[in-house]
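Sending over a structure as structure tokens; questions will come in a sec.
Labels for the chains are A, B, C and D, by order of writing; each one numbers its residues from 1.
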Amino acid sequence: MKPEAYRLQLETYPLVNTIPSRFQDLDPLGHINNVAIGAFYEEGRGNLNRKAFSLEMRKTHGMRMVIADVHIAYLDEAFYPSDLVVGSGILRIGGSSYTIAQALFQDGRCIGASEAVLVNTDGKKPAPIPRQGRDALESLMIKTA
Amino acid sequence: MKPEAYRLQLETYPLVNTIPSRFQDLDPLGHINNVAIGAFYEEGRGNLNRKAFSLEMRKTHGMRMVIADVHIAYLDEAFYPSDLVVGSGILRIGGSSYTIAQALFQDGRCIGASEAVLVNTDGKKPAPIPRQGRDALESLMIKTA
Amino acid sequence: MKPEAYRLQLETYPLVNTIPSRFQDLDPLGHINNVAIGAFYEEGRGNLNRKAFSLEMRKTHGMRMVIADVHIAYLDEAFYPSDLVVGSGILRIGGSSYTIAQALFQDGRCIGASEAVLVNTDGKKPAPIPRQGRDALESLMIKTA
Amino acid sequence: MKPEAYRLQLETYPLVNTIPSRFQDLDPLGHINNVAIGAFYEEGRGNLNRKAFSLEMRKTHGMRMVIADVHIAYLDEAFYPSDLVVGSGILRIGGSSYTIAQALFQDGRCIGASEAVLVNTDGKKPAPIPRQGRDALESLMIKTA
């Protein structure tokens, strides 16, 4: 994944979360471990999903989102104890799936970018995203260059 | 907690699990992080609980075990990628609670010991451990000196 | 550990940190896993150590703190995505060791308390805490009832 | 990432590691969390790197591998307490970088596949992989269909 320049700008993302790093995120090289980095993107995705799909909508439609694909580009090291800032937004919306684009920042530096494909399911197989949910996702699109 | 000498011997414990360390367990000092150490004891306790209480017993009696207290003594450093070996056994059995004693080993060295109090509940409040469960716990007592 | 009532009050602790929970902290029972809880206390201890011992002091005296003992009482469940608030302070100061007392809160409820013994070492064996460090620890004592 | 069928066969991979799942890997949905899944692939990569590059080679050449890109396809759920089996091998070798292909299995089912790009550095910038290291990587190529 070779993310385009605009994807490394915080302004691109409609949703922004600040997440403190933890000592546990560190690895023996003194920076935040690359698997641990995954948790920061996960927090951003969870935040986006809570914004887009209310508990009521999920219950009414029996929605259960599963993750199908995650791609992370590691661009720079992250350290402790500074906060990490994750920007998240929607890149694409399909019939039952959608793609979240994200970037991660620390002290103003972009330290990585990510794309994740999520699929709405009925608990077993893919299911169409309800209209109300699609509208919510559309309001959370990233600002393309 | 100043564990007695016999508590630092693997022979003391009726149940023994071997658990590989993971790169993620390491901290910037190059040894396994002290919070991560907690996961090895947790694996030993889970193993003991699965041995003592069958799924059928849990369902029949509506048993749900919650952890009330964990005490860990850190005696030596642990490293990656060697395995950790956890010994687990029962120290005390009360009406609705029981105490698990454990010790952790790497390459023959005892690197720590732990005690944890678990309480059987009905999902809300403490509930007596059923006779069959007490018998199972008694068969898993540690060998006192 | 049966913590006294004053230990379950946030006002007891001179240092307070707010730490967001993460989805990863959850376990299959839907609450924050008891091993994961250990990381919140660790963040509070790290914060206290950074306040008490400057990098310069650590270098000058070759200080390296190791954890000898951690005791956690689990009093209530914690959930996601609310923040956790950890209060930390000093309970006892010895020649080369000191005890940190802590409590953990979520949405105003005390969900647990902890005590941890840390030992100052020269990298190998216990070493006296320098005067400047002792003074700093004394300024961070918990407010006893 | 739409992995080809041969990439979902354990026989494709020259290196195989068996890694027990941990209770901590679970999430509230009762399966192994997708970020936690990243740690299993990381163990496989670490194992491959230790096989390919001896400590002596790393020291002599000042090698330090950093991860540039990780792509994971999630194909099925994984559970606890069964072991996970990770297959790892080399997909491509460049001047200073190489790509590791992996797949993850549980109880005979392929639950996912991954590709990761690693870059050899001198600690700061990309550095050519020494001849001896290239030979080792070549001996660990995956078996293409």
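The rule is simple: a contact is a pair of C-beta atoms (placed from the backbone, for glycine too) under 8 Å apart; a residue touches a chain by one contact, two chains touch by 3 or more.
Computed from a predicted structure; not experimentally measured.
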Contact-richer chain pair (by C-beta pairs counted) among A-C and A-D: A-D
Classification of the chain B:chain C interface as same or different, half of numbers criterion: same
Most distant chain from chain D, judged by the mean position of its C-alpha atoms: C
Chain centre separation (chain A, chain B; CA means) in Å: 36
Approximate Å spacing (C-alpha centroids) for the pair chain A, chain D: 23
For chain A paired with chain C, centre-to-centre distance based on mean C-alpha positions, whole Å: 32
Two or more partner chains touched - positions in chain A: 23-24, 35, 39, 42
Chain C to chain D touching residues, read off their complex: 23-24, 26-30, 33, 35-36
Complex contacts: residues of chain D adjacent to chain B: 19-20, 22-24, 39, 42-43, 46, 50, 81
Complex interface listing, chain C residues touching chain B: 1, 34-35, 38-39, 42, 66-74
